[in-house]
């Protein structure tokens, strides 16, 4: 197993056309979930990945599990919950503005994830553990699960990659900042977006954000900068890595998760950090020109790795 | 005001085509809610109705309020809740079987309805109060609200019409039976479906069900019998009232609510009980040939009341 | 040229799903028009047909012309009107009931059809002239046009086939009955539905209806009887001709026009009247199992004429 | 009542995808009508508004009435016409060009609006009367109705706001110019688009247009300038008011009506003219990023009035 | 591994609404393929299954592989072909008639399947081998592959289950009959539809068909009889097994494959032949009430095995 | 007859929304085919055109024939093939990238086109013959057919217009270059895109490409340069002709075919070469703002020929 990740995936409903959701008449069903995005992107890039979660024992739970399994991700540790439901959410599109998101995830099956749901022998086989800042916001047991996995990773000397992914619909800035800072410093690699870095550190520039986060066990930070690319910082090397040029941005959702997948893919292939960040930038860019989170991630055999352009 | 009702309405998502929901790709947005069904049907029949509820201060809350208001129902007492969301639900269609329903209504705005949300001066103006057995299943405060409204109705000498509407996805048979029996006997008119009557009384036949329910303040019971019509029972008169013949049944949802509306419409027009039940049967029949709960209810001016046939 | 017909064709909008039109959100665009139905059905059966009309010089006019031309019907005499529009109509489907139709055809381009629009040398080349009772209801000039064509047919000794096609949304029973009776007796072959025959003659049975219509120039009457088939009457021969058995009736629109086409196709092939009526019944039956007027008419080479079953 | 407006609303059909309408296969149903746009926008901004009109007693009439009523606009004076139909129109979208519009509104129910349909006691209660230049183009009785309402407003000393809204599909430039100039000078506030101002006055610049229109009873003119904002002119003050910056313009329909609503909302709130124009500009801008006329108008409680940016 | 099957799967396009395909405007994408149907149905029933095939290295190949993999079927032996494409087909629905099917599968990737593509060590692990009569019709190399697999099964003493599945669009009756008879007698269990049995044996009754097919290695025959259920025949026992009663038949496609899966599931669970046929009947019935081949197959944990009714 | 062209037309399926085809759920049916594009565009411009081809005797063949016939193109020489199918193809849209195209045209009916299918008396009546480089790539008999038509054109002294239209999915660069160069020099007018010109001649600049192609019978070359317009070259005159400015490019498919039609339309109207190229540029520009190949071509009576702007 190359990478194991855990978190909540949901069914996403998006209307056919932009505008306020109350006027939408037709909705399409899609998959949403940062961690499964990463697992799927990694699987397409040729890596063995596992996704751990809880889903409702309902139609939407089967949809989520089968979609992710269909992408080649190992879902053997997904637990079907007879008591709680698979979460759903709705996303209204407003051209030129942030999407309008409505979650129905309180008391969802995934929010009941707890340390007992984690199979140590399974987790211990992964080269990398990928965690996000969404999971600890879901419930106290989810938060405990994250800490439990951090302990296991320490015990098994696994590298932990952390994407803060702050969702202010789920908790307050203060609580998010406290908890995520604490988690971040127990992770070896931290991949904040610049806004998240600012929120976590109180600093403004990528340089300062990165320096602040390079503490505890954290030896590498990459600050994601959207169309400006990313900023790579280890204790002894720091550098801006420009983005791939994308002419038609359709939907930015999934770019950050694509970055994480590309970056880990680089590391798994033995690329150095710079090359891995470049690969992260490329996979992030692939997410942009398609509506939906995972639809844009490329298969490794369709990519021309000598070519800086996004090929599809 | 002719009738005031209160309860939860939700956004309903139904797929384009029948089959398990996990394979559906396109969903349509509709309105769902037994009490708003009754209010809408009554409004089309020419009566002044008010619907009391709480909705999330979100896109779906506006959709629900505007739809119901658009139908001519007074929504001036609807409260928009900044903390809790408008509920949604999904309904999978399986030809020849019961639909497969998934609710996302726990902790919804409507479940926070409480006695303080009831404006006594508003409620006291109605000739009839309409309640259903769904509301007390939603939360303790909802249950208190029902009892509070019963008290107000007593104080203002209003007639209360009760539709047990047992939803076993919301509570156990035992709890439902206890609570609803207690409520029923404080209501003047009770309109159970035959299954509900059986569950509430432990009896089998419409006659026995009706006799059992004719207790406390209850002076009239109509047992709804689907394609067999209904059974009318007062303390001194009992009679089967045959259904209108409907050749193409598309969707039975909303038939019971249509019955309640037709029956109350009859009473409001000064019809006797038998005529009112006949009108109930006719409005119930109108709901059957259209997908959606409220789409089929007729406008009074499109109905030929001398004609036993369903006209549209 | 085998058959020339003239009349109005319109764009038809039908909702995706049944129910009152005010709740429909998606509409499909189709072609509607009794005379073009006949022309199209005849063309598929291998005959040369021409359709004369006026259309608005607008997008919908091009749609109608191109659709009909695409079916192989000669549209060289269609006039594009810069002043008046192509008509549209909407059809709401109510399972088990008649569709709910809303026309927007007043002052349409076709209603401006007048005798000057008729090219005598073109019309005179046809073996059969097909007229319907819709055209004289559209406007005084349309009515004049019908009488003008009757004169031309007389002059050129052509057989005129008349389908009364009474549309009570367009005129009163009295006016329809007066005008259409007068036209009918100048036509050689009259093809009423049984209801129309009753309205025109005041009689009940197919026999009486036919006898009454066998006057003036009319030597042959076929009364269409829906699932009971049709009743053929000439001055010296009368006979019921049973319908083809159709298990799934989806949409009855277009059956009568299919009958007319099949019947004329038989005559054009040299079939006797009975065989021609049988072919009419078969083509009528083909219209039933598909939504839309013309979609179901068969191509001659897909029909097995020895086989009484509807083949497709 | 804050504002009363009167005019025609129609059902609008737009295709799913851009291109000539003859190739479109799926159409969506929406609401169209300048005056109801204004009433709806005002209602969302928190004002009591009434909309007077005639609708066909048909499915589309109910759709239009219920939609507008659902938005909180008083429709108690809408008359359902048993004789004439609700109008419809079709709009083809051609990227980068003006939409291609086809009306079916001749002899519509609304075109039969006449002075007797106006309830003086109702109209007299409004602080503002809103009129557009579309209504007088619909029919002679509609034109009389406008003059009748002007008389009533004079009698009851109400402020009349006039949007010339010239529709050259309905009448000639000459007739439009004559009639609308005459009406404009009887209105207190005139809100022409720059093109309309040019047509009415024969002048080019906003300054000249405004000066010319400041005659008769007209004391305030605002010339709408699209992305350049608007030009405010009273007898003693004139000023350009820049537009809100909108990055993604999806559909400009409804911007002018949003401006009128925002401007009147300002006046109703006691804003000065400049502030009211600024609010007009903001509401106009909200209409741009959504397809459909009314979908984009904001609710007052979702707007941050200290913020010049369009918030949604 | 419980069952291994091999064959071609394709992308199926079906129109939104019934009628001739030339008038359809919207098509939905689905999965089609008898062998993957069986594999998916078995997987839902709780068995480990593998599906061997070739797919084009194209979007549709990924769709097919991911769909099947998502259902829990092992696809590790699927070969992506850079030269040849994934097949597609179109299915027009005509109510009350057989669907109209158009294949685009000549020279498809799957038709290039050849003995070298078969991994003996993989195949040898299965308890059952499932083959259909479609594969040998695709190409000479496909036919060789079937014989090669029969040889491997013999060598490894595996039970072979054969569904003749005669497709007359792919080859002539004569060729089909010759080849399939030869294959059938090398298989232990043969599951013909009654029509297929008639074609293979020249006999009429289920009894005669079964007796004729009980030759060579064939020790068990089940003749599928549609709504009449099935006829089970071993050398010493023969019996009709009635079908489950299904009130709404939506789409019969996939019933035969569901039967095969249910029957094998019974054998794998240690059921006797009769019980296995009963389970086959039940799973076949599940396929009928949903459009699409695989959408209706049930999960084992949703079935109440004590209940003869189809539960879903 | 003004122009006769011959080649393959196919049914094109495009998804509702951009992104990889494997995630698309709804597909729309359209027409595709370079030669029928040219014939349709010419017909709309007022010219008599004929399109020769073979189609499968199936639903899609009827769709293609009827669509093209509906556009006014003579299809009397289209042959329906009982053995081979009408081709289909799928086109995935990726914003900002080339579409992803999948053909199912091997062994199609059109690929069986052969010299015997060409009716000399029909072909000899055209003023211009239009050929493309797609046809010779389809099969040896198609290639022979092209040479046969070239011979007929020579015999009847007709002008041949050739669009190289190189499709590298159909053959190799080398084969394409050899065959097309040979054909080009037998044609009087050659209309390559700049890429095609480069591939055929090995040169870079429009000037060099044109000079190289001005050999054999070729007396005029126009190199199409996309948004840069085109380069006109005869033996004694060479000139760049700027494109029409198009603000919103939706779909570039069909631009080259529109150019060819506009150019030939000019020649047929007696325009000089420069004017004809200008008309070509204008018609090419019309194709750009609409999705689909032929949807954007204008009708002659909707064009203001004095106006350089694209009018629609």
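Annotations for the structure displayed:
To keep things simple, chains are lettered A, B, C, D, E and F as they appear, and every chain counts its residues starting from 1.
In this text, a contact is a pair of C-beta atoms (placed from the backbone, for glycine too) under 8 Å apart; a residue touches a chain by one contact, two chains touch by 3 or more.
Not measured: the values here are computed from a predicted model.
Counting steps between touching chains, the shortest path from chain C to chain E takes 1. Between the interfaces A-F and A-E, more contacting C-beta pairs are found at A-F. For chain A, the chain with the farthest CA centroid is C.
Just one of A-D, A-E or C-E has an interface built like that of B-D, with over half of its contact pairs in common by residue number: A-E. As a whole-number value, the distance joining the C-alpha centres of chain B and chain C reads 47 Å. If you average the CA atoms of chain A and of chain C, the two centres end up 63 Å from each other.
Separating the centre of chain A from that of chain B, both taken as means of CA atoms, is a distance of 44 Å. Touching of two or more other chains is recorded for residues 20, 25-26, 28, 62, 66 of chain C. If you check the complex, the residues on chain C that touch chain D are 13, 20-22, 24-29, 58-60, 62-63, 66, 85, 88, 90, 92, 100, 102, 104, 106-107. Those residues of chain B whose C-beta lies close enough to touch chain C in the complex are 28, 246-248, 250, 289-292, 295-296, 312. On chain C, the positions that touch chain F within their shared complex are 62, 66-72, 299. Chain C contributes residues 17-20, 23, 25, 94-97 to its touches with chain B in the complex.
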